[in-house]
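Sending over a structure as structure tokens; questions will come in a sec.
As written, the chains take the letters A, B, C, D, E and F, and residue 1 is the first residue of each chain.
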Amino acid sequence: MQPIDYEAASPDVRAVYDDIKQARGVDDVNNFWKYLANEPRMLQHVWQSLKEMMADGALDPLTKELIYVAVSITNNCNYCMASHGAGARAKGASEDMLNELYAVVGLANMTNRLVNAYGVPVDEAFKR
Amino acid sequence: MQPIDYEAASPDVRAVYDDIKQARGVDDVNNFWKYLANEPRMLQHVWQSLKEMMADGALDPLTKELIYVAVSITNNCNYCMASHGAGARAKGASEDMLNELYAVVGLANMTNRLVNAYGVPVDEAFKR
Amino acid sequence: MQPIDYEAASPDVRAVYDDIKQARGVDDVNNFWKYLANEPRMLQHVWQSLKEMMADGALDPLTKELIYVAVSITNNCNYCMASHGAGARAKGASEDMLNELYAVVGLANMTNRLVNAYGVPVDEAFKR
Amino acid sequence: MQPIDYEAASPDVRAVYDDIKQARGVDDVNNFWKYLANEPRMLQHVWQSLKEMMADGALDPLTKELIYVAVSITNNCNYCMASHGAGARAKGASEDMLNELYAVVGLANMTNRLVNAYGVPVDEAFKR
Amino acid sequence: MQPIDYEAASPDVRAVYDDIKQARGVDDVNNFWKYLANEPRMLQHVWQSLKEMMADGALDPLTKELIYVAVSITNNCNYCMASHGAGARAKGASEDMLNELYAVVGLANMTNRLVNAYGVPVDEAFKR
Amino acid sequence: MQPIDYEAASPDVRAVYDDIKQARGVDDVNNFWKYLANEPRMLQHVWQSLKEMMADGALDPLTKELIYVAVSITNNCNYCMASHGAGARAKGASEDMLNELYAVVGLANMTNRLVNAYGVPVDEAFKR
């Protein structure tokens, strides 16, 4: 599958590209969107979802980017680490913050497996 | 493997339990620590790491709990979701914050695989 | 570990290579088999399993290739996406079909984690 | 988090529930939707995406359900296996088809790791 | 899917059950085989593979069981941890050995993600 | 994030580097440690844990390296396979041993998913 540039895009795809560019204040969309445009329905759904859920809300945009990076590290997705790592930095993440993020992700992946290994039952206090 | 209660614990294990109880202001340690105490060296290492890295730092303790929950959801670790979800609530996470967290984790797991599927190359702008 | 070419292969390995080439109508086997030949017993077991289970049966060969690609995307296995993506195309998969496949894989990975996050109990209607 | 029944739902959530019930010809929505309704924006996004992408298209609805089950097995999501397994059966999946599906998912998870272990390079023929 | 007991099994399935019982010196086969018997071809392939590869070879049977447990912990497969944990104990694994196994699995899952997070390039000395 | 060489390292980081070099009898530390040094607290914790838990104990160091490789294959961590594969070879792993390791890892990943797919209940004999 090849990426679809603005010039070669259908009107529907262009409309999504325009909305991404305006919402983010950028001149062009990232490679992710250009590949996803091979399935214009998903391009629309994914963008609408991310636009709404990654915006400021109960959680701030930086925290959301950090969570995105944490999941991407766990799943070993290089592109996602690069793009959301850049997003986190653009929203104010310092190197110290990223280093602590990496530490927490590493520790969580360790204790997740220690819990599996020992078959730890949920404490009564944690049941709701 | 069986959990090791305070009364049955060796002095080394008791010392860790005491430190956990004091640091967290609780009367007893969670099941996780009682099972991990079957390997006292790991009990010591894991506690020292979590005590230092989950404390307030470049990232605040609530953000770190949210990241922990995000990894645990991705890895499907029920105990970890329960314990760190409780930790997040104790540090101030509202239901709205958790709902947004779940949304971001879901979306990240989706786009991680869309990136894999299309083999999206990293944008020059994201390379450092 | 190095790949084992036909000329350097033992008679047992050559017999598997010959069977693969005949079953698939190709002149040479893929890299996967040349590396797996370092363990001739697994070469034999994996080939016998794939030969029988990927053939036409209750499910047609194209559907099986699509399932193979779906698992490989979820696990982020580049080689497997490339080889079984080529297999799917050779069996008739169009770009539209692959785009829909990618969409379903992305959505499933998202809802799998939303289910984890909310701890959704199985509906009575789904219990058998 | 608790499930949100129709009676307790907001008008926006009720509208999605009504659309799900009509599209699927059922009297009530599954637990998944009742939990996801805690985040009405995701309820809307996930339903709109699934409604459009799981419908008949380049791939038929049964094939899409099988792919959904394959991903859910790989990720060990019990609820998702139950709900989409039921969906596959409702759309015509026989026991023989499911048994072959399980076989392919198992084999793909095996060969994905054999490829990792041997570091198999992509064949020239698979590069596009 | 229901398990298939010896009495209800086809002659082909019975032959595999008999071989398992003889090879392992047991009166009945485990649940895993009774469920897998719904797909007699996979029953045959999986048993032949495990019988050959889990036997004494370049690695001893206990080491192989420990590796099996390590993978099963990483993938969070409860049944597999239970059955191969029992297998490891039957072959001589002590509680101390299992505790060290759990520690190594936890640490590996942590450092795997730290490597992802930092994008660590492979040292020249490790390239072959 | 950039790697931190000995010359540019802080006294605390240098002390860990010196301890690694002495414990392993090498002239320089691997890239992993040079990147992890961006978070000196984790450098310290990870090294202390690995130093203690990977040493000879209830399990010998070679078995521990093999377990490390098994987890790293399952998680698709290239760097970790390279570094711990080299570690295993340095501790005496033959090509035959590694080939059997790869086989067991592949088989475990397959049967883990077959267990998920069939929802196999744990045998009474495996419950403790």
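Quick note on the criterion: contacts are C-beta pairs under 8 Å (C-beta built on N, C-alpha and C of every residue); 3 or more make two chains touch, one makes a residue touch a chain.
None of the values given here were measured: they were computed from a predicted structure.
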Task: Chains in simultaneous contact with chain E and chain F - done: A, B, C, D
TODO: Chains touching chain B and chain C alike, please list them.
DONE: A, D, E, F
- [ ] Look at both sides of the chain A and chain F contact and report whether the same residue positions are involved, with over half shared, or different ones.
- [x] different
Task: Furthest chain, CA centroid comparison against chain C - done: B
- [ ] Mind checking the rotation angle between the two copies, chain C and chain E? C-alpha superposition, nearest 5 degrees is fine.
- [x] 180
TODO: Specify the chain most distant from chain F by Cα centroid.
DONE: D
Task: Computed distance of Cα centres, chain F from chain C, in Å - done: 28
Open item on the list: How many angstrom lie between the centres of chain C and chain D, each centre taken as the mean Cα position?
Closed with: 20
Open item on the list: Distance between chain D and chain F based on Cα centroids, please, to the nearest Å.
Closed with: 35
TODO: Spell out, as numbers or ranges, the residues of chain A touching 2 or more other chains.
DONE: 1, 38, 41-42, 46, 49, 53, 74-78, 99-103, 105-107, 109-112, 114, 116, 118-119
TODO: Assign the assembly's chain-to-chain touch graph to one of these shapes: line, ring, star, complete, other.
DONE: complete
Task: chain A-touching residues of chain C, taken from the complex the two chains share - done: 76, 95, 98-100, 102-103, 106
TODO: Could you pull out which chain B residues touch chain E in their complex?
DONE: 1, 38-39, 41-42, 46, 75-77
Open item on the list: Residue numbers of chain A touching chain D in their complex, please.
Closed with: 41-42, 45, 48-49, 52-53
Task: Sites on chain E touched by chain F in the complex - done: 1, 30-32, 35-36, 38, 42, 46, 49-50, 53-54, 57-59, 63-64, 66-68, 70-72, 74-75, 77-80, 82-86, 94, 96-97, 99-101, 103-105, 107-112, 114-116, 118-123, 125-127
Task: In the complex, chain F residues that touch chain D - done: 73-74, 76, 78, 81, 101-102, 105-107, 109-114, 116-119
